[in-house]
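A, B, C and D are the chain letters, set down in written order, and residue numbers restart from 1 in every chain.
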Amino acid sequence: MIFPPGPLDPIIIFLATLSVMSAIIALESRQIVYGAVSLIVMFLGISAIFLYLGGLYLGVVQLGVYVGAIGVLILFAVILVGESRTPEPNVNRIIGATAAMIVLGSLLVGFTALQMLPAPHHVGAQELSRIASRLMRDYGLVIVALGSLLASTAFGSVMITRR
Amino acid sequence: MMVMELNLIMVSTLSMILFVIGVYGLVSKRNLLRLIFSIEIMINAATLNFVAFAAYLGSSMSVAQIAGVIIIALAAAEAAAGLSLILEAHRLRKDVVVDQLREMKG
Amino acid sequence: MDAQTKDVRDSVSFWLIISLVVILIIGWVVEGDVLIDFLVDLVSGPQVLTNPLFLSIVFPGLLYVSIVAAVAIYVERKIAAKIQIRIGPQYAGRVEGILQVVADGIKMAAKEFVIPRTVDVTFFVAAPILSLTVGMLSITVVPFSPTTVIFPFPVNLLLFFAIVSFFPLTALLAGWASNNKFSLIGAARALFQQASYEIPMLISALAPALLAGSLRIEDIVMAQKDMPFLFPAILSAIIFLAAALAETEKHPFEIPEADSEIVAGWMTEYSSMPYTLFMLAVYVKMISLSTLFTDLFLSGWLGPISLPPEAWTVVKSWIVLLIFLTVRALFPRIRIDQMLKMGWGSMLLLSVAGLFLAIALGMVVGL
Amino acid sequence: MILLDRKNLKGLLPGSAGCGLPLSQPLLSLIAYLLLAIEGGIVSILIPLLIAPRIRGLFKEDRFECGQTPPPYGRRRLAMQYYPFLLVFLVFDAASFILFMWVYVSRVYPIYSFLIFSTLLFLLLPPVLLVRKLAEDIRQWW
């Protein structure tokens, strides 16, 4: 693996740092509402990375669905439920860190396979019509399946909440 | 010559770190809402991998975006189901901790 | 100089220094030539109307938005007064109370910003700033002419809806930070209201996009050369107008800040300038929504007589804005369950019907 | 305007040497606009702190509670009878962003795209009907 003389993108570094920091805060903050807000900040950072790498449609969908619907709904649930009364035990942290280290090790083993990949070239913004026609022609059945899955999920969750 | 794009390493490392943070949260937390947080973090990390490799390694950005959109729609379904379950647990137990939901054990 | 004033001055200079540092960092990061072109264009742009500084500060940006918001507040009060057989603002400025908005602004700025003891200070202060920022962001993607848009983006219709859906977030933050039951109920109502109007709005905005075959608002306007989409997509236009009214939280849909039920909704604890920022954000949202309606259904900057394109957009969006302001005085407020039933019942069905009607009429007309 | 000539200015700034980013002018003006908006918000919040009188007092810093003595904790639990509408909204929002892709294929494949996307749209209507039917009897809801 030869590291090129090419630049390391400062914007990517900034967005990556933002995402990782806010993900950590989301899990470790004392008040859970702060955690939910920083989770939303992480969604924003990820969508900025999508937009920056040329995935315009995906970035906008991430903004609209993740931040605008899922994040807001999670924040609402957090406000509704409030703080948990039982504190988190410290033993779990050690177990969790161990599990995370194991997963990190296995991911690193896979990461070394990156050497085999062909030479890169940066692709800019793609034609949206190509995405659309591909989505419809190759993934038409997937769309219908997704629609029925979403509908049945809505059915189920409404019935659960209804008591 | 095999030249690695440094930014690709950066983004895929970011995705890896996010995934590991998600695993850590999933194992160590007992608050159900924090579990939902860590699941969302892991889903985002997976989507990020698709986009990163498509952006730096080839011309299949459209497929990556389609995969990402499908993942996001599935995440919406997952969030709907998870949040309704959490609210139901909170209504029954007045708290949202995993340990209290033991009676499902057979 | 007492200690507090000194603190405040220190923080002002702190923020100025921070912003300078941010600009310098951006300058370090960015390819120098682009930044130099940008800076040169800032100071002496070749053509004024496409100058980025002019765009973001004067015309579709801050100055235009704040002037139109001020005029809209005055006109709204006058229209409501005339409809309800009152007089309205009368004294400030001698002629028909024309300086009432300025007087109100000075009054609001001179009021004390009370931060109650039990609030969460971080989010309590951050929520109005966030709200204003999101409101200002919503106008960056709406084009006033092919060149007069602050942030040209290939999918700006979707980006607009994504930005607009951030508003309940600020409402929830303000409501939670206030630690007040009225605020929390108002914030929950804001979220429920968004959940009820957002889907009909998206589906009715799909109709002109389908007729034009593009998600770029500029393309949608250019496709209306022969006929504005108001005629084939009339049902969608009506639903979009109703959803936009609900979006701006104006009177038939003024549920989140219903002053006769819950004091001022999620803005109960706010006073002085932060309250003004919330109000300003609402009016900015109204301006950008009326401009978007103009672009989607009223053929934007195209017009029968040759005027500057921005003039057409401004005139048409003012007509839409006047509709917004008039409706406010005519209808009573509905309840939140009525709103939800309407949004998920008649509005949703009518928007779907309007979509298919637009497709059918578009095939008939040959668009 | 000799000072502001582009040629004289090139190479002056630190980033000029390498490091070409796809940062375009519109993005820069967006960032400038954002900074302006945030600064405007912060400055206008600071104005009343500068010029307004500030009188501290226990009574003044209480929450608004319509004249009652405010309890220390104001975030009481909300009644949640309309929560299922939010769940349906979440699902519908995700689907409608996919639905917008119809726009780009409606000319190329008119019939097939009509079938696919209107199926997606109509599949989502039954849960809405369910929620509306449940909403008629909201007292049973939590």
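General remarks:
Operating definition for what follows: a residue touches a chain if its C-beta (ideal position, glycine included) is under 8 Å from a C-beta of that chain, and two chains touch if they have at least 3 such contacts.
Computed from a predicted structure; not experimentally measured.
Chain nearest the geometric middle of the protein is D, using mean C-alpha positions. Taking each chain's centre as the mean of its C-alpha atoms, chain C lies 12 Å from chain D. Computed from the mean C-alpha positions, the centre of chain A lies at a distance of 6 Å from the centre of chain B.
One inter-chain figure worth recording: chain A and chain D are separated by 17 Å, centre to centre, where each centre is the mean of the chain's CA atoms.
Centroids of chain A and chain C (each the mean of its C-alpha atoms) stand 29 Å apart. Shared interface positions of chain B, defined as residues touching 2 or more other chains, are 69, 72-73, 76-77, 79-80, 83-84, 87, 91.
Among all residues of chain A, those that touch two or more other chains are 7, 9-11, 57, 60-61, 64-65, 68-70, 73, 76, 79-80, 128, 131, 135, 146, 150, 153-154, 157-158, 161, 163.
Residue positions of chain D touching 2 or more other chains, listed in rising order: 19-21, 23, 75, 78, 80, 83-84, 86-95, 97-98, 102-104, 131, 142. Chain contact topology: the protein chains form a pattern that is neither a line, a ring, a star nor a complete graph. Chain pairs that touch one another: A-B, A-C, A-D, B-D, C-D. Contacts from chain B toward chain A in the complex involve residues 1-14, 16-31, 33-34, 36-38, 40-41, 44, 47-48, 51-52, 54-59, 61-66, 68-70, 72-77, 79-81, 83-88, 90-91, 95-97, 99. Only residues 7, 9-11, 57, 60-61, 64-65, 68-70, 73, 76, 79-80, 82, 124, 128-129, 131-133, 135-137, 140, 143-144, 146-148, 150-151, 153-155, 157-158, 161-163 of chain A touch chain D when the two sit together in their complex. Those residues of chain D lying in contact with chain C across their complex are 1, 4, 6, 9-17, 19-21, 23-55, 58, 60-66, 70, 72-76, 78, 82, 85-86, 88-89, 92-93, 96-97, 99-100, 102-104, 106-107, 114, 118, 121, 125, 128, 131-132, 135, 138. Across the complex, chain D meets chain B through its residues 80, 83-84, 87, 90-91, 93-95, 97-98, 142. Every residue of chain C that touches chain D in the complex is listed here, in rising order: 4-5, 8-9, 11-12, 15, 19, 22-23, 26-41, 43-44, 52-53, 55-57, 61-62, 108-119, 125, 128-129, 132-133, 136-137, 140, 150-153, 157-158, 165, 176, 178-182, 184-185, 188, 191-192, 195-196, 198-199, 202-203, 206, 209-210, 212-215, 263, 268-269, 272-274, 276-277, 336-337, 340-341, 344-345, 348, 352, 356, 359.
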